[in-house]
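Here come two complexes built around chain A, the first alongside chain B, the second alongside chain C.
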Partner chain A sequence: MGLSRREFIKRTAALTAASCAGVSLTLPQAEEAQAFDADEWVRGSCRLCGVGCRVELGVKNGRPVALRGVPDSKTNFGYLCMKGMLFYKLMGHPDRLTKPLYRKSKKDKFKEISWDEALDIAAREFAKAVKTHGSDSVAYYGSGQALTEETYLFQKVMRGGLRTNNVEGNPRLCMASAVGGYLTSFGADEPIGSYADIEQATCFFLIGSNMAEAHPVLFRRVMRRKLDNKDAVKVINADPRISPTSRVADLHLQFEPGTDLALLNAMAYVIIEEGLYDEKFIGQYTTFRMGKKEEVSFEEYRSFLRDYTPERAAAICKGNITPDKIRTAARWFAKSNATMSMWTMGINQRKRGVWANNLIHNLHIITGQLMKPGADSFSLTGQPNACGGVREGGGLCHILPGHRLVKKDKLRHQVEDLWGIPRGRIPAKPGYHTMAMFTAVNQGKIKAIWINCTSPAQSLPNADLYRKGMAREDLFMVVTDIFPTKTTELANLVLPTAFHFEKTGVYGCTERRSQLTWKAVDPPGEAKPEVWIVREWALRLAKELDDPVIAKCVAPFVGKEEQYELPEAIWNEYTQKLTKGRDNDLRGATYRVLRQRPDGVQWPAPTEEWALKGGTYKKFVRGMDPLADEHAKDEKPYQFYGPAHPDKKLWIWLRPHKGPEEMPDAEFPFYLSTGRVIDQWHTASMTGRIPELMRANPYAYVEVNPRDAKRLGISPGDMILVESRRGRNLLPAKVYEGPVEGMVFVYWYDQHEDRLINRVTKDAFDPGSKEPEFKICACRIKRVSGPKVLKPYLASITT
Partner chain B sequence: MVMALTPAAGVQGSLLDSPVGVNLLRPPGAVEEELFPAKCIRCGRCVEVCPYRSIVPLDARYGVHAGTPAVFVAKIPCYLCMKCVEVCPTGTLRRIALKETRMGLAEIDKHVCVTWRDEGLCRTCYNVCPLKEEAIKLDELRPYIVEEACTGCGICVHGCPVAGERGRKAVNIHPIYSTRQGRG
Partner chain C sequence: MPIGGFVITVTPSKGQQAVRALSALDGVEVYGSGGDGEVIAVLETGTSKDMERLVDRISAMDFVASVSLAYLNAEDEMLQQ
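And now, the complex of A and B:
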């Protein structure tokens, strides 16, 4: 084209002016619905993060018009973030999937088909795989965003029906290390305390968490606590990146990525050497461990810690860490009346994520900063139902519903008996964990996979490698979702599902709290609730495989109306049968009770009477936790009855420092870390479709430390190539005093191929929890050009 | 074209009136509005060099100001790359540094902002501000503007997820420095 941009601009200015004459212009109208416009307000919980804010959806003429917080809820007290206020806009969104779509080959275009055809195809393909390649050639990959009823029914059909433990879900990518930490340190999964501890704490230790952006409504409570008690409350933030969370901190420990284990051990060293530990608590309730069977003494623990003097640790941690800072942090932690730690992915997504969790728990155990009001070792979750649906509902390859391990014969047979299926039906061997599952996909060992409500094509580390497997022609892939994603691009069959408030079911948030969301509006087109999809699919599978046991798995639910009756029947089976006698006893949390409560029920809640009061605020405390009284072996006030520790004690672990799998070197000299920004959530398939949220963050950036930027000649907005041994991205730069020198940081929500950062991240994983080390890998960066105009991008689907 | 379809606040007035108004600003370094239409030769260099297409030439509806550059910050704000001030051949855009830029002053409308109304928790303006912690700070989680540091770039306006009346946001840029009087 011979026209320069300048010429073009001059001409279009004139043309535009001419074409405007006589055109009637309207002002953009505020499209925000006013809160009082609704006919009816229907209660539920927020669809997005793991905080579990209670919301009400305003409905007018059958259409959603607004969301507002519920003031008498103990999670959010009526507050919402912008994501929570705006997700109602997704219900009638034009991009919604509304018809089943199918293609035989992944090279073809999708064709609209009927539900009958779709379910037949899904059943036929799964049956074919089972018949020719065995039960372990099929798999389910679910989500911490699916309702508990959905995860429970899917895993029941997979295990009891198809006889495979290949049941996994994206919580493996976010909180598996926290599960491992709770089980090994406390003997029971999930936090002991609650959000309510925030208002009683006098010291906060926030490590590996940007809760100001990832859990904004909960962070408000931390901020409030700090600001109302400026001198009495101390906040310690430990993070290689200065984030909005760091703003409230009295002390910011900015260490180099992957040196957290040394830091935590050094804090323990100071606590022991300065005599700040709680001798009585240690004596009554704890043991020291080297391994599961190897008990050691206090003296051995003490000598183990001698490798982690503040001086040695500061040399390992680098960044702004000094021996004095470590001492100050340890003293504040130990001496405060009540200390509460909170962490998320910075700790969990590590090669030694379980160990990092153990070392945080250690600090609480040795100082006795546990059990009392305001003191807790509290892991935050990122998804609304990772705890409720997946951790408790049996959504991972090694666990069955009610915190039961697959490999324990007794517990497995309990489940088989409760389901009324023959013993031996559920295999004794755990299935593939997430990374092994997608490796098996790559190797062609899995022939049919069902992906529900998540987008592994974008969210797996080293994504290109695993997308190759998902693209295989000999893999039949079903995806159930509400919008097109990077994963529907690789599917054979795409099934449209109902969204939150378009179906009924329970979410369980971070603090053991289960909350019911009631159907308020109809799903668009032919979209269906997952529970209906699974039931109908299972009935067809039973015919295809000529196996009545598969039919038996869904027999209690046949004939139930799918919007309210079906989820309630599934919830009843799960809670009344499967959680009975387990530590997450939810028998009291019936739909009837959940509908009456403003904010759901915290387990253990064995009776409706207890559940109506809200359930259990703190586990293991006699008088507060009904199970602590039931299991009490002595007169001590705390009873650690968790299923994983036969000695009913808390375990203090000797865990050495271990760096990340991949360290920067001459070729790839930078650390790369990834994370979130407040307005976008996960893979942005939802938040990216809310214009108000997309506008603020239309595409991902790479954050570069100003000193690194100066050295490399990078100005704000310049296009930067971020490259690792696995893949590359081309992103605009944000020069910002955030990441520590020598580290860059990228938001991971962007779906554009140039900015899909998981093409660059590393797929090393924790040998204990099998959770990948998303947070650390080595990369190099290079300025490619000045600023470029970038367009936001979302995956679409063509028929 | 889309830019030009949004009417300016002053468009109904005389064709000699300055088009500058709330969220409709001049690029960085602009001389006073009293001088601008006379000094600017409408060469389009600033428009051309702007990598974000933030700067657009005004159309015929703006009378004597047609062809002069403007930034509709609610649509595309100024990202302060400072390329425009380097190329202006007439000095209509003076060569100033990023932090000297005063396209206007952001003002938070506390009656519209969900955070100030105590209805929600939003910090988008604070998060997107290129001078975070300098030009926008938080007072107990509520954003406020620091007049001495705000450049008026409008990134906060563009990012603000709250729609007020007449297309306004909860934060808007007022061109208080655009006139001789405003500059004192």
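And now, the complex of A and C:
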């Protein structure tokens, strides 16, 4: 008797899972079971985090019906997390924005309008601002979730067309310090190694990252590596909060927030004093630096570190830190065959985030724990295309596509020439960085802003201050998004966009890997891909401002079909022209190649031949990285050709310990830190609309250490007022051995005004990277009442 | 009625015990396991919400190190939407 349809689907499910785990199942009729469940499987990447898991969307009668991981993909080997598995439910969600919406005044209700009207209004308002107040009165604020083609085209129109470098994006809030760290330590942005190092590492140093919840599929690989090599592999987790990540740790270093610079310097001290450093590597490839131009000696570095003996550092770090723990961590780090560090926002979102990045890199440089298999200093990215789109595609105010600095005349002119626009068209001065941009909004200096695929009204620190600016009646604000958000509440014009798999384009994940997602289903209603929106807007702008150069910026794309041809044409221009000769050379990663590969291509990939093999797994290694061979100056196996270090060496930095901007005091005695929870992502505009995910965490709470709770008479579920010098929240308590004593921790996804924690956080920022110190500020907490029934909340739009 | 294909990673030394405990759960069918503690299970529940609940329950089990998905079919729910 034949199997039932459900039985076939179950077998498909089992076979797919088994193929990921390398378990062989012998099931009758296995062949027939495959391909029974969908008309077509379309390949792409997960929409959510920066891991970049490869997925296939099963489509039936034009609707998404199933999702599966891609077992051949080196990012995830077929595994997905629950968030990743469910994002396709957002296609066809009833809350989707499906029509352009407009209101002249922010006090009015929105009215549905046509695309023609919407694009005319957007063009008229931006043109009016430019004519009346100059080019720098307009701005674009984008996202590490926009496709590379989108970021590239937006910034091209803003810089080349509207003559402003006011181009920013939310990656400024999450990885700008990592960029600063890579550039100043290695001379080139983005990690040297890859995820593949995980399977070869024998020591993991996880600091400032709750990988288990924020990057679950990658964490699975760390966990697998540990389970398979229980004694041989050591895991060190350094974090002020015990999280699910700490579960696999052999050593948990729980320090007080903001003391990590001392900890990292103390580890370096032990490595130097105990002779655990790699003298040959240091001699061949490195220099020591106090400032950019000030070179110092090894002895000076050694004497600088004397301020950070384990005893002194333990006294600064407090928590559970002892001199012995610091010594153990340093020895494991240095002596292991291959050490891999991974970190995220705990390191980056700091007043001294770049320094913290430098000090992790220092540990790798002095021990030579780089370039060899399994060894790397590897910053994890939070968003799926912060690296590919924003870091590489020119999405920040000071960088042009292909890792070019705006302020360098030669590089700016290169871009102008490649775009075929007059030299001098792109201003020489970088634009406003994110915090300066929203300060300028507050001051009324910016008159028109385009916000794409992100929600600064919720995600900026000290949010109330900046929401006031966004609410100004003399600011025209366009928002392109798929759902209503806290930011659409402040917009004049809301434009509905196509979601992932409803359009075509490339995401570049954490490990320099570019992956293509192919359109599989139609967007709902009148939602449109951003690339179409920008092109049509630019053509209207050219007329309004009577400026043919604006039209020139989009001329190569006019007449192209919008779903496949248009993004491909943009990608071709970007990769073939703008990345040629740059360290992120992507010329080989054509759509043709990307479609053939299960997991995209890692740059540098100058030729299709190289790209078809997957590209470059390790940068700077001769024989592995084509650019290392091309730029080789000598016979040494490693060649550091990065654009930021003229001496082509790695720099070991002398960076002193510095605490956070705001320390707890008598009035505000607690540290406040914020972060993610596994089932919610960012501002929850997406995950909050998936009932299965919302159910697990319907609202944010404040985690309080049990000893603090006892002292303050707080029981689980009690309503707690969390207050800082900037704002307050009222949240239920979770009494939990997570945060170190004296610290509270709040999830930042909740959109409810009472629980929107960025009303409380501080907007101090790193002077180098300009990334805000979300992770640390001072607050006080007070029990207000017993438990209350709370409702989940999501922003909506009324028309 | 969603159907999910899962890899449940359990403490390798407790493989047999894990397979027995997982098989005893309503909605869980174990299809096989590897020596390194990877259990292949198919979950079938009334709704995706129930699926999430079941995953939470499995994740909380003592010997379970992680629950990873590889496949999800929710055609009934999606076609109804």
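In this text, the second predicted complex is superposed on the first by the 763 of 799 C-alpha atoms of A that agree within 3 Å, B and C clash if a C-alpha of one lies under 4 Å from a C-alpha of the other, contacts with A are read in each partner's own complex, and residues count from 1 in each chain.
Just so it is clear, contacts are C-beta pairs under 8 Å (C-beta built on N, C-alpha and C of every residue); 3 or more make two chains touch, one makes a residue touch a chain.
Just so you know, these numbers come straight off a predicted model, no measurement behind them.
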Touched partner set for A:220, first chain B, second chain C, both or neither: both
Touching partner for A:666 - first (chain B), second (chain C), both, neither: neither
Chain B versus chain C as contact partner of A:66, first or second or both or neither: second
Partner chain(s) touched by A:92 [first = chain B, second = chain C, both, neither]: second
Touching partner for A:787 - first (chain B), second (chain C), both, neither: first
Chain B versus chain C as contact partner of A:677, first or second or both or neither: first
Chain A residues contacted in one complex by chain B, in the other by chain C: 6, 9-10, 12-14, 16-21, 23, 25, 27, 68-69, 79-82, 84-86, 216-217, 220, 223-224, 227, 692-693, 695-696
Complex contacts: residues of chain B adjacent to chain A: 1, 4-7, 44-45, 47-48, 51-53, 57-61, 66-67, 79-81, 114, 119-124, 126-128, 130, 138, 140-141, 158-167
Residue ranges of chain A touching chain C (in the complex, touch as defined): 6, 9-10, 12-25, 27, 37, 58, 60-61, 63-69, 71, 78-82, 84-86, 88-89, 92, 216-217, 219-220, 223-224, 227-228, 691-693, 695-696
For the chain A and chain B complex, residues of the former touching the latter: 4-6, 9-10, 12-14, 16-21, 23, 25, 27-32, 68-69, 79-82, 84-86, 212-213, 216-217, 220, 223-224, 227, 244, 247, 677-679, 692-693, 695-697, 715-717, 786-789
Complex contact set, residues of chain C against chain A: 1, 3-7, 9, 11-12, 29, 31-34, 36-38, 40-42, 44, 48-49, 51-53, 55-56, 65-66, 68-75, 78-79, 81
